[in-house]
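Take this structure, written in structure tokens, and hold onto it; I'll ask about it next.
Each chain gets a letter, A, B, C and D, in the order it is written, and its residues are counted from 1.
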């Protein structure tokens, strides 16, 4: 079981990333720090003559890495009650991969299992629910199995270390991953 | 009453933009085509020494334009059951404006009225509801009045012209704006 | 195409019922006024020896009527951000019908098309969205096709007659039903 | 701190009730078993001459008990992706209490803290989210503080004892209540 953690935070070492590290403590996994990649917003050429064109940024490399793993952890802070723009730019580009005949994107993704970790500061256990529902629709469309999610409460740096529920859930995930 | 339409589509003249044009037919308004602007994802420096730093892209110009209007129409296609990355990158940057002491961003925004137009292809009247809830949380946080929304059903180009409900709602908005 | 309207209002002739009548103007349909029926809350005997027992109230008659129609309009006011208790008591009893071997409840229901009409007074176009999502899950579980919904804004009697959007949508439904 | 648990299950000793008992282990609390009370669906007389009339069932007694407590635990199975009809019938009647001038219902409720426990069998951590959002709107309207919720996964009797997350959360609540 190969695990990749796709990190959508714009701040290195923030709460979301800390929680992800706790969930993956002692596990061999591939971190994919979107902040360190250049992934430009999609240019919707679905209906253009010739379709999508190659884009010279890091997206293809990232998606190659993603496809080489079985378990995907989507870790994003709650920005404005949704996933970060960094994460959204990445997901939006899947529309291009869906039409890329060099590989069977949807079929390959449908064999994967996804987890979501998100941290927010404004009543996240209520106000991040639309984000969870969005991820559910995304995974459902792709046939990805949505295993579980953690919503952490955190605003200032290191706040997450005070959220006992989130810490306990991360620990339980960790025990599962270690098996 | 000055109206701005913030367009988050990546395809020019797509369904969302068409619906927006119908809602604003005969109205003097400012289109803000995010696709034609460079707005890079936020670098979260809220907790860094010195705070946010100036960014040399189009964001400041766009936000200046936005602040000069009373009514804001957020028009975004449903990409992966959420707003487009282009739109999200823009909204994420509000976190920087909130901490910009050159102007009272939240206070100015709280005097505005917002509308949302979104078009999607996969059961949008159900699967775009998390997006509407997200906008509600965004506007509520900022004190913006959320006047109304239209969810259009459209996938291929010009599909929206077959969605009679969406067309009727756009027409009703148009009559209101024309008064 | 036989149409039944299942009315969950506790007040006769209220906004929800008025809107339903407008949607069905000139149409031959069967009104099922739950207020006039006795449908007691379910007694969950799924796991009891012997399973569900016959209940001497109006539920069986109502469900027989329902099964004799092709199109079902679920009309309920928004009470406390959900369907009325009258409507919920009725739907809860479906668990009993699912285990009733005298007929193939799920299979029969899966051939039907459902519409939802709901009216509320407190930002219903936002705060009734969980109710719409709930109906979606209900219909999806049963295999019922969820054709459309109208959320009306109304609090005091006859308020609905001022909600131009809801009236226009009811009229559009009516035109469809009349075809 | 006086705690009441309002149980909306129709099956005695079911998963929801078990989880509630675990959360309240060793705590002195008042169980309110709605199944054992007669609470008839509301008759909406808000707009009738004379307003609401006295109803001869157990509602008034129940609400008196509720008002005598500081912490309210709303425990309901997920029935058809929502609270049980028993629970909904109870909540619907609050509309009557809001207009009862013998006491200040909203004001008294606004001093209370609420918890929600719910168990469901069909992807409850996704499909019970509209129910959580509904409770949020209910509590927000009443000014009740919404402290926390647990969504348990359980279908057959005693399933809940296998849901380690739910058990851990109940235990953490228990530790808080014991302090």
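The rule is simple: a contact is a pair of C-beta atoms (placed from the backbone, for glycine too) under 8 Å apart; a residue touches a chain by one contact, two chains touch by 3 or more.
The UniProt protein names, listed by chain, are A, B, C, D = Multimeric flavodoxin WrbA.
For clarity, every value in this text was computed on a predicted model and none was experimentally measured.
Identification of common neighbours of chain B (Multimeric flavodoxin WrbA) and chain C (Multimeric flavodoxin WrbA) yields an empty set. Inter-chain spacing, taken between the CA centroids of chain A (Multimeric flavodoxin WrbA) and chain B (Multimeric flavodoxin WrbA), is 24 Å. The distance from the centre of chain B (Multimeric flavodoxin WrbA) to the centre of chain D (Multimeric flavodoxin WrbA), with each centre set as the mean of the Cα atoms, comes to 38 Å.
Between the CA-based centres of chain A (Multimeric flavodoxin WrbA) and chain D (Multimeric flavodoxin WrbA) the separation comes to 35 Å, rounded to the whole angstrom.
Among all residues of chain B (Multimeric flavodoxin WrbA), those that touch two or more other chains are 129, 133.
The touch graph of these protein chains is a ring, one cycle where each chain has exactly two neighbours. For chain D (Multimeric flavodoxin WrbA) in complex with chain C (Multimeric flavodoxin WrbA), the residues that touch the partner chain are 9-11, 14, 41-47, 77, 79-86, 88-89, 91-92, 94-95, 122, 127, 129-131, 133-134, 137-138, 141, 156-157.
Chain A (Multimeric flavodoxin WrbA) makes touch with chain D (Multimeric flavodoxin WrbA) in their complex at residues 125-126, 129, 132-133, 136, 146, 148-149, 164-165, 168-169, 172.
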